[in-house]
Amino acid sequence: MPRPVTLFTGQWADLTFDDVCAKAKSFGYDGVEIACWGDHFEVDKALSDDAYIRSRHDILEKHGLKVFAISNHLVGQAVCDRIDERHKSILPPYIWGDGKEDGVRTRAAEEMKNTARAASKLGVKVVPGFTGSSIWHYLAMFPPVSDDVIQAGYRDFADRWNPIIDVFDEVGVRFAHEVHPSEIAYDYWTTVAALDAIGHRPGFGLNYDPSHMVWQGFDYVGFLWDFKDRIYHVDCKDTKVRMNNGRNGRLSSHLPWADPRRGWDFISTGHGDTNWENIFRMLNHIGYAGPISIEWEDAGMDRLDGAPEALDFIRSLNALTPPTAAFDAAFAQS
Amino acid sequence: MPRPVTLFTGQWADLTFDDVCAKAKSFGYDGVEIACWGDHFEVDKALSDDAYIRSRHDILEKHGLKVFAISNHLVGQAVCDRIDERHKSILPPYIWGDGKEDGVRTRAAEEMKNTARAASKLGVKVVPGFTGSSIWHYLAMFPPVSDDVIQAGYRDFADRWNPIIDVFDEVGVRFAHEVHPSEIAYDYWTTVAALDAIGHRPGFGLNYDPSHMVWQGFDYVGFLWDFKDRIYHVDCKDTKVRMNNGRNGRLSSHLPWADPRRGWDFISTGHGDTNWENIFRMLNHIGYAGPISIEWEDAGMDRLDGAPEALDFIRSLNALTPPTAAFDAAFAQS
Amino acid sequence: MPRPVTLFTGQWADLTFDDVCAKAKSFGYDGVEIACWGDHFEVDKALSDDAYIRSRHDILEKHGLKVFAISNHLVGQAVCDRIDERHKSILPPYIWGDGKEDGVRTRAAEEMKNTARAASKLGVKVVPGFTGSSIWHYLAMFPPVSDDVIQAGYRDFADRWNPIIDVFDEVGVRFAHEVHPSEIAYDYWTTVAALDAIGHRPGFGLNYDPSHMVWQGFDYVGFLWDFKDRIYHVDCKDTKVRMNNGRNGRLSSHLPWADPRRGWDFISTGHGDTNWENIFRMLNHIGYAGPISIEWEDAGMDRLDGAPEALDFIRSLNALTPPTAAFDAAFAQS
Amino acid sequence: MPRPVTLFTGQWADLTFDDVCAKAKSFGYDGVEIACWGDHFEVDKALSDDAYIRSRHDILEKHGLKVFAISNHLVGQAVCDRIDERHKSILPPYIWGDGKEDGVRTRAAEEMKNTARAASKLGVKVVPGFTGSSIWHYLAMFPPVSDDVIQAGYRDFADRWNPIIDVFDEVGVRFAHEVHPSEIAYDYWTTVAALDAIGHRPGFGLNYDPSHMVWQGFDYVGFLWDFKDRIYHVDCKDTKVRMNNGRNGRLSSHLPWADPRRGWDFISTGHGDTNWENIFRMLNHIGYAGPISIEWEDAGMDRLDGAPEALDFIRSLNALTPPTAAFDAAFAQS
Amino acid sequence: MPRPVTLFTGQWADLTFDDVCAKAKSFGYDGVEIACWGDHFEVDKALSDDAYIRSRHDILEKHGLKVFAISNHLVGQAVCDRIDERHKSILPPYIWGDGKEDGVRTRAAEEMKNTARAASKLGVKVVPGFTGSSIWHYLAMFPPVSDDVIQAGYRDFADRWNPIIDVFDEVGVRFAHEVHPSEIAYDYWTTVAALDAIGHRPGFGLNYDPSHMVWQGFDYVGFLWDFKDRIYHVDCKDTKVRMNNGRNGRLSSHLPWADPRRGWDFISTGHGDTNWENIFRMLNHIGYAGPISIEWEDAGMDRLDGAPEALDFIRSLNALTPPTAAFDAAFAQS
Amino acid sequence: MPRPVTLFTGQWADLTFDDVCAKAKSFGYDGVEIACWGDHFEVDKALSDDAYIRSRHDILEKHGLKVFAISNHLVGQAVCDRIDERHKSILPPYIWGDGKEDGVRTRAAEEMKNTARAASKLGVKVVPGFTGSSIWHYLAMFPPVSDDVIQAGYRDFADRWNPIIDVFDEVGVRFAHEVHPSEIAYDYWTTVAALDAIGHRPGFGLNYDPSHMVWQGFDYVGFLWDFKDRIYHVDCKDTKVRMNNGRNGRLSSHLPWADPRRGWDFISTGHGDTNWENIFRMLNHIGYAGPISIEWEDAGMDRLDGAPEALDFIRSLNALTPPTAAFDAAFAQS
């Protein structure tokens, strides 16, 4: 399978785009999934300044890298979320503004439309990202929440994202929602509900990242089969569950990443509990032909060690190629 | 062990106190853990009107029931929580007032002090309940939350509850926090952190309810051993994990109770995954001598069937009595 | 749930219908699922002789039993099967005839049409049974079998059963195929394929019997959810997997029932690995309102002990009744 | 199966034989497995005084109880053991003597011969017991132990027990060694080795007690199959493994019975991890027709509660009776 | 251990023998296990034409390869099987003939005798292969099958294979039956029964291939220990079980290889669930000194990638060499 | 983490110190953990002869190796043990003397004091070793052992080791007890008890070797967290549990190393069940900065193959380095 392997630049936004591209190339990546934060890809500049688009291509070409997707998780998060101080730290000031919820959400939604337009200008066909959710914080179901309130949350999502996806459709780009806690779809059945809410329109698909599924305990390989027509992008991040001491819990106790008392943790791709070979064989089976992007997060390992190692690991699986003839065809006596 | 078995009245608050007592007696219970909602036990009346206290005792005596605890989960929840519409439905109007967060929290804190005073007037020594939490909704750690913010949440808890526990200490009553999602302590390590934050003062202990631990996957029996000096009350509720279809997830997809697509559900005591015999043997071992209260919740079973059945189940375990001599003492040839 | 509990008479065909009814009544059953073999229900007599139908009703009334289904597994088996000596022993002589495959299959198919007509005459709406399969014996995939051959097997099934189901439709009765090894549908995906092959016509549904699923390892509770509109009848038989010695295998080594070297075995309902409570809660959830039939098979236990014991076990689960109000509704302060 | 259920009196030796018989009868037992300690059965008196034998029968008859076995675990232990202070407390003074190892072992061996003779006089055919072991304490293999030393231990066992079994053979009684830590055979392969060492002579068989196997993790049901010709007696004791807290270990840390920090514990029969139904079905299959004896040990439960409860539990399993005809014989159309 | 590693040519029979040898050599194999189909090894030519034997040796020498076994699974399959269209495609026309069952079986049996003779002429000592089975298709035990019928199947096997093994004995070659679904021995207890049926004669042994055992769930490593004197050849093929989605079943739903809905699948050696290191350590322990042959089947991977990778994997395990002295011998203070 | 990786020379004591150093260097080790047996490090010479100390340094320098610990397991074993013939083979003659228990123990205790002095002279700060135990052989709790006897065993340990640790304190060296069967602390709770007994004095810490914990089933990673201030040295040895055949038991049946009937076995580091990555991440988290020593034991592999391979395996984990900034810090829009 000739799928390219890219590095997601989101966790490297402390570096300039030029620097992260230099590193990605030196590690051996084919391209980058560019984050819309730091100086990596600025949506406002991309729309207002054609030279900015050119500058991105120039840097990519200088390093011999390709791009297949730009990602805007941080702004997307604000579209449906109940807004608080946490959002201030992850939004550009022109989105945050005065920080009042309605305004932040509205500006975030406009920015997501602009992200589609900018993606189109850059020449990429997929924007992975987050949706936010007005009901995520009801997770514990206490104080009691009626199903009406939950259904209203899905409608709020559809109401806010349908106009955004209209723009995606107009410019020929697709949004790939990353199924993730804090989002409207964070597991199997919420994915079903979210796709139902938005009418299964093709402009809204999924960014597959198994790291958020592993610790929730559902079958992330079967997920690919069931949503095979909505897998628009793949992020490879890994998760390790560590619950052998009788004390660590599945919800991880508000503890920071890498704390050994957490019940699970993100970990360098290939070091965790994810069955990557089953995933790649399933990707072959459903005919996924898009990029494979490594989203590298591991609070216990140096990223300069981990990013190239993860690439080697994923390349070997990405190379798995189904044969053209069945092995038992050779038994025939013609 | 002569521990009494009580029925928690909280899920029966649609009935009058007299009616729920009649039912509890007919089921065979020794007493009730009285909820501070419905007409079961009204804190304001208890403090302002001595006849009200007498009326509660009269009803109990009429039915031959005892009381060892009054519970105020709903008001306690508002002490630390970020307040929203959900709280309005569970708070008395005089606590909710105009619904502004600071005022609600302050009035809730005062009500918890009054609950201690009312408990003392009624003659009970333990108040089970919830604390609320200003940091629970940060569970998913995205948008990113620094450890400073988490630590501030524990301090907020201590700042709000220390004055409440001062009143508990004054009147000789103890608060028993129920470890539970949505609360400051919801698993093992958050219990450690909450007890640290409040300085391990004896007035603040725990209401043990394994149903919230079973699905989080930590050892709820070892929990009794590790916190043995802080187990002030025991609630028997059960949980069933149902994740065999590869699609149900541990976080249960915002689905209503009893929906078979949830990854876990509350269930009639004895029908779930809780190892109750291990619990009762551990309670014997740590010398817990307080009441055993059945908190009955099961969205798939009629409570009139379930409450007496659960009592039979728990009584047989509660009857387990350690012998006075070791069995291998009989091998000695004196 | 007021679902009746019936005894399947198939394993009691060494007794007369009158005798098995007497026993079923003495055990406490509400009715019987009548087997179309032994003298229990003879299709040819039912069609040719109105008095025969009356005689069945007379016997049922004499014992105070009801009937909701007649079952014809043995003749159904011959519709699609490759015919061999085994079929001779389970078919009436007028179906077996000269034992040549085409004739046997054709006569068996006609008999299944007649079974529908007889069911209608008797006044029952469901006929549980088997389909047989022309491809089951290709299970091991060696010598190699191409997918064309498999697909032809599904078409053969549809070609033979569509005319049968036409008659079922005409007389207002539905066929309930029991998912079972040896049949066209024996697991989850073969059920999907069989329903696809026959066009999901409502006349062809399922007789749910988890005992054949437990040892195959797929989720038999989720199966109810996924095929909820096709569950027409429920048989309660149980299975125990016994593979702890490192030598017993999942395919059970051609060993007779009850041999402890088998990897699994049928066992009296409630003694096995089936999670019956999850099944009954799911039946409540999907609104199944038909009969619950106990199919009693256990080569290690006397049926006179087992059949009444299994009834007690199933009755207690069948009594589970969802409440009309949510338990957390009682938390509301109105 | 008409197998009688007996109570092993060993853990009740603080009571007189008359008292324990009265209790066993009141619980509902059919008989007793009499311990050769306390005043229950004294080997020296039995051999020297015919009236003593009569007195035992008189007491049994008075209470309507039967006897099928006398057990002498405590003296048997000293035959092969390295002798230390622990043995003093479990041996009659006339066996302990001056406590010097050689003499203790020799006197213990003679007492076991006498136990055979006494059993014969009493009219029982089986003596369950222990062998002791000169190599058990080498379990950890450090300081290093060569295989020569291990093999010498098995020879020591054969050398000491062959003359004992000669007497058993002479008087027509069989010894039933209980596979147990501290003994020459404590698991599957040591049982193989011990039977090899003693030449598989029929006078030396096994007392099956699964409680010592459950926590060692091998298949105690398959054990019955593999040693089916050497199962001479069955003791029903149960074990619970409790290792969920990440801290309890399989070797149980020298902690006393019932301490919750032990990795496993003996527990009232039916409360543990033993799959008793699989055991009883296997006993039926191998044709075991001897007594079923309940050896009741549970340091967390009163024996007066436990002994009758365990009897009810075991009786229901003991009643399992294989049918005379196969259930699928009823499918035949004769 | 100086065991050679060979490539089984059966799945490469679309290539000429010369071509497959060239590939095997380029991958690094020591030799080949030659299939008796395609042009790799033609039994009739081998017997009739001495130059043919020479030609095989010439090709092997040209590529520097050795041969230790020729395999004739396809013809062996027809010896006991019920013959149908599937066999036509895997048999040489001169064996198939008119396709009538008796004739096919007889000719297949003669060809297996000739295979022994041809092996002897080629100079190899082992012929791995299949036996076929007249009872395999009774797997589901419905329609009911009596134990008499099963026993007759084992006798049929003995009757047909004893004369074949007579020829093997005459020419000093041994047959190695591959335990495999569709065959007379497909798991542990059927292997016991088959060896019993054929009288444990040394000419009939086993070709060990764990891939058929892994998904059946019995202990394939213990299998080596128990049948250690009958392990005549080892094939390394791997299997992956994939049943996490609650829908895939152990019998794999008639689905083609590599379909992700199968419950298990063959997979490149080292990619599956087989614990190869435990196998190789056991092979060392039982002293197996024959060839290690890689039978490469994986419908999700290119054989040109897989065959050399599997060789590297197996070589590293094959190199495991037990030491001559115990590690704790170094603790001795001489 | 710049932790050095050393080879423990104990299992290479058949070689001279010079030879083992040459091998360790050729394998690539940074240094050695020197065993106090063979000619590797002789305590008596070290104290009596300054040239001996120099000779050790000379050999180390010649091979470019470092030393961080000397180990004296064998003599330490005799301090608390009940002495028997096994000790003779592992003690220097001047410690064994006449072999009488009291004398051996006293001389062993003096030798451990001297080992501290010798370590100080050599310039190392840690002495790993064993303590022996007077109560280990009571493991099976039969014949019965009272808790008084157990507690006396811990006091005996404290009485014998406190004077030894006094000398360790004087010379600025620490003792690192290896938690191990046969020793005073062999699992989690015995480690708690032993540290309690000796008053948690800093001179007595732990040599962490997970191979003895893996098969006992407690959480060896959580062990590091709980005893993080007492981890003074780390030995990397691995263990494989092999219990799939239903016959192997956890106690391993007195069988020699590498026998496939053992329930577990030591195995080359990286080949076993130990989760080494979790261990190294935990070592990073608790700030362990001492040496990582490979103790190589595998009775199924040549040590010349295993020792370098294990080094490669451990080096890659030892290289794991936590980053200085959190990965989600890059999401901040400053």
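Chains here go by letter, A, B, C, D, E and F, matching the order in which they are written, and residues are numbered from 1 within each.
Keep in mind that, in the parts below, a contact is a pair of C-beta atoms (placed from the backbone, for glycine too) under 8 Å apart; a residue touches a chain by one contact, two chains touch by 3 or more.
All values reported here derive from a predicted model rather than from experimental measurement.
The chains in contact with subunit A as well as with subunit F are B, C, D, E. If you lay the C-alpha trace of subunit B over that of subunit E, the rotation comes to 180 degrees, to the nearest 5.
In this entry, A-F is the pair from A-F, B-E or A-D that repeats the interface of C-D, since more than half of their contact pairs coincide by residue number.
The chain pair with the larger count of C-beta pairs in contact, out of D-F and B-D, is D-F.
Farthest from subunit B in terms of Cα centroid separation is E.
In terms of their C-alpha centroids, the spacing between subunit A and subunit B amounts to 39 Å. Separating the centre of subunit D from that of subunit E, both taken as means of CA atoms, is a distance of 47 Å. Contacts with at least two other chains are made by residues 74, 89-90, 141-144, 219, 222, 244-247, 256-257, 261, 326, 328-329, 331-332 of subunit E. For subunit C in complex with subunit F, the touching residues are 244-247. Across the complex, subunit B meets subunit A through its residues 74, 77, 86-87, 89-90, 135-145, 147, 150, 153, 180-182, 186-190, 193, 213, 215-219, 222, 226, 243, 246-251, 253-257, 261, 263. Considering their complex, residues 10-14, 37-38, 74, 89-93, 240, 242, 244-247, 256-261, 266, 271, 296-303, 305 of subunit D touch subunit B. Those residues of subunit C lying in contact with subunit B across their complex are 219, 221-222, 225, 277-278, 281-282, 284-285, 319-323, 325-333. On subunit D, the positions that touch subunit E within their shared complex are 141-144, 326, 328-329, 331-332.
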